[in-house]
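Would you mind keeping the following structure in view while I ask a few things?
Every chain is named by a letter (A, B and C) in the order it is written, and numbering of its residues begins at 1.
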């Protein structure tokens, strides 16, 4: 067997599976999206139809807010954990990254336990103020849920980048008289920018497409994935659901593509 | 237990190589190698040594029209795994997932040699290269020299028809290199396999080669025994590449070359325009300038322990290098006479 | 001195707070799953009653999820490992394009992929109704993790030279793949396998759309219990999910740490 043929044989099953269960379905999705009463104009509905547009805007705001908050949180925590050695450090890292594997539905449940009708925050608030605080089912709960599944991922990326920093550059800055704050502002944070771009994009894309958390919380805020789901199952409007999900796919894919060319590296979007 | 007499004779016929993109890195070359002979491919970086070796191995195909023959049989289209060649790579390419014994026995396993027999052969190979205590070691726990020996044992364990080595000592430090060079020499003699050895180190080439193939820019510059190459270089490239050489240029009048510092006798010289000749530094003697036919002035003097290295100005168009006895007493600036014994000057074809 | 320490102390406190945010609800849910009555707290006593009830109600979803995860692993191993090798040796633009396409499922929401699959195969009743439909979705979604994980390992070993050296010893293409490529890719295969199983067990976005009443998986059942069951049962169910997940996560951490220490040598 020639080596060319062997390599082709190695790749063939992958190509078949990818074609049958990914490329073909996506192509069909695009076609079906244009098959509704409005034809290809359905693709513009995400911008023109007020209901969809509001949902898109709300989703983007939520995703951006999640990304910003996550980056800040993860940078503070990641720097601390990577830069300090203390007993139980590896356990702490394990705890911080544990939610990585949790599906969105379970994250939703975690938020219910925290801020739901029988939630911990509510109990604490009642003990302190006499008022029960319940926000799991409002935008605040959704935001908290998105933070919950975003923080672990971004922490991992930040920690990996912090580990790669060259300590001599920092020492050079300190030798030149830079204090701790100046070192962070002028040396450490700039060096982490590629990690911010990469993990921020993944964070944004994941937040845009997240479905399970919103589903569990049954939030009043209509995020785009929930709208798509509703169109598909309740309204049986396949064409509109397809058009909207193609639009959503383009937004998330574009976010990742832009960040990748900005960071100049290919980054793995972890689960 | 060794592979005595298992080698083949080898013939490369019109083997050229053009890589995609159209650059011909090897001009058509024909080369004959006898059974059991050790041939060294020597040349500067990028001259095509590895390419030639990989054509012999079957890792790449020569351009159309080129042929590789083992014992007269055309093997050009036989893939490497069917050619039965032993190969030692510069990085050794030991399999990290196998022990030392696993590496050495891998070829035998592929050939379905029974386990007991395999073990015996592996042990013998390890004895042969002097690593018999390392049987179950992981390869990442070995020193550079030990890795080199494992790679060698692995390559010869299957009694290959040809043993191919691509700069096998380059990754080692200098003192180890000298020691292994001696070991390799003994090993090649005792194995008697046809061996092709690629290097850009002339010391290695001289020490190991029955014959040396000097290459430059994808062509063969000269093929010969080490002393032929050293004393009778075919051209200026070989003369300058091997050892230190003084290149002399001047008009010839019958057997005498006219130089700025006098005259030099050259055997077989014929009257003509400017000729080019070569003389080795150690072939030149220093004598009193009185009555000498060729003289110069000492420009620098470096004591090297075993000899005294002088550069002499005003003798030829550029300064010449002379290796003199370490007992010689001369001063920089002294005027000296230079003698060259008959037959030590070689006329070069440019 | 104190001024210099203060930011570190704040950082530490913040880190503890974040950790608590992530871990406290998980611990609460585990406790709630074995508490007699959640609203009365632990003082109401511990019980396995809820866990047993979950098992009677949902054992089929748990078994199905485990089976699908293992089947997904089988598919990604048999398809992904050779493909990773193929992509690695092919290199160049073709390999990059293929890699780009197969990693696209990471960039596109599962909902969209699921819709596409339903639109394409919804008419093929027997396939649509079976767990194989979910399996196909999981394979597409997890494949890039296996391939990338294996390629990352193949990229750092000098694959070409190892391959050539095995060839010079007489090994055929297939033998070289089995004897040299696969054993040296083991760390990547292992890491990829753990990721694939973990992701498949927890996959919801695709699965919620792809499942039928007869092909519910664990996360689908979870969503179901969150919506319709009392908190203790939902918690007990989540507890079972954690029990499945934690060993996988521990193994992943262990493998990663192993690789890190070996890489440092």
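General remarks:
In this section, a contact is a pair of C-beta atoms (placed from the backbone, for glycine too) under 8 Å apart; a residue touches a chain by one contact, two chains touch by 3 or more.
As the structure is a prediction and not an experimental result, all values here were calculated from the model.
Contacts between chains trace an open chain of neighbours here, each touching only the next in line.
When chain pairs are compared by contacting C-beta pairs, A-C ranks highest. Seen from the C-alpha centroid of subunit C, the farthest chain centroid is that of B.
If you average the Cα atoms of subunit B and of subunit C, the two centres end up 56 Å apart. Centre-to-centre separation of subunit A and subunit C, using mean CA positions: 16 Å. Inter-chain spacing, taken between the CA centroids of subunit A and subunit B, is 61 Å.
For subunit C, residues that reach two or more other chains under the stated contact definition are 172. Residue positions of subunit B with contacts to 2 or more other chains are absent.
Looking at subunit A, one finds that none of its residues touch two or more other chains. Subunit C meets subunit A in the complex at residues 4, 7-8, 11-12, 14-15, 18-19, 21-26, 28-29, 32, 38-39, 75, 78-80, 82-83, 85-87, 89-90, 98, 101-113, 115-117, 119-121, 136-137, 139-140, 143, 145, 147-148, 172-174, 177, 195, 198-199, 202-205, 208-209, 219, 222-223, 226-227, 231, 234-235, 238, 241, 245, 248-250, 253, 257. Those residues of subunit B lying in contact with subunit C across their complex are 57, 59, 79-82, 84-87, 89, 91, 93, 95-98, 106-107, 110-111, 140, 154-155, 158, 164.
Of all residues in subunit A, those touching subunit C in their complex are 1, 3, 6-11, 13-15, 17-18, 20-29, 32, 73, 76-77, 79-81, 84, 90, 92, 94-106, 108-114, 118, 120, 147-148, 151-152, 180, 205, 208-212, 215-216, 218, 225, 228-229, 232, 238, 241-242, 245-246, 248-249, 252-253, 256-257, 268-269, 271.
If you check the complex, the residues on subunit C that touch subunit B are 157-158, 161-162, 164-172, 175, 179-180, 183-184, 186, 265.
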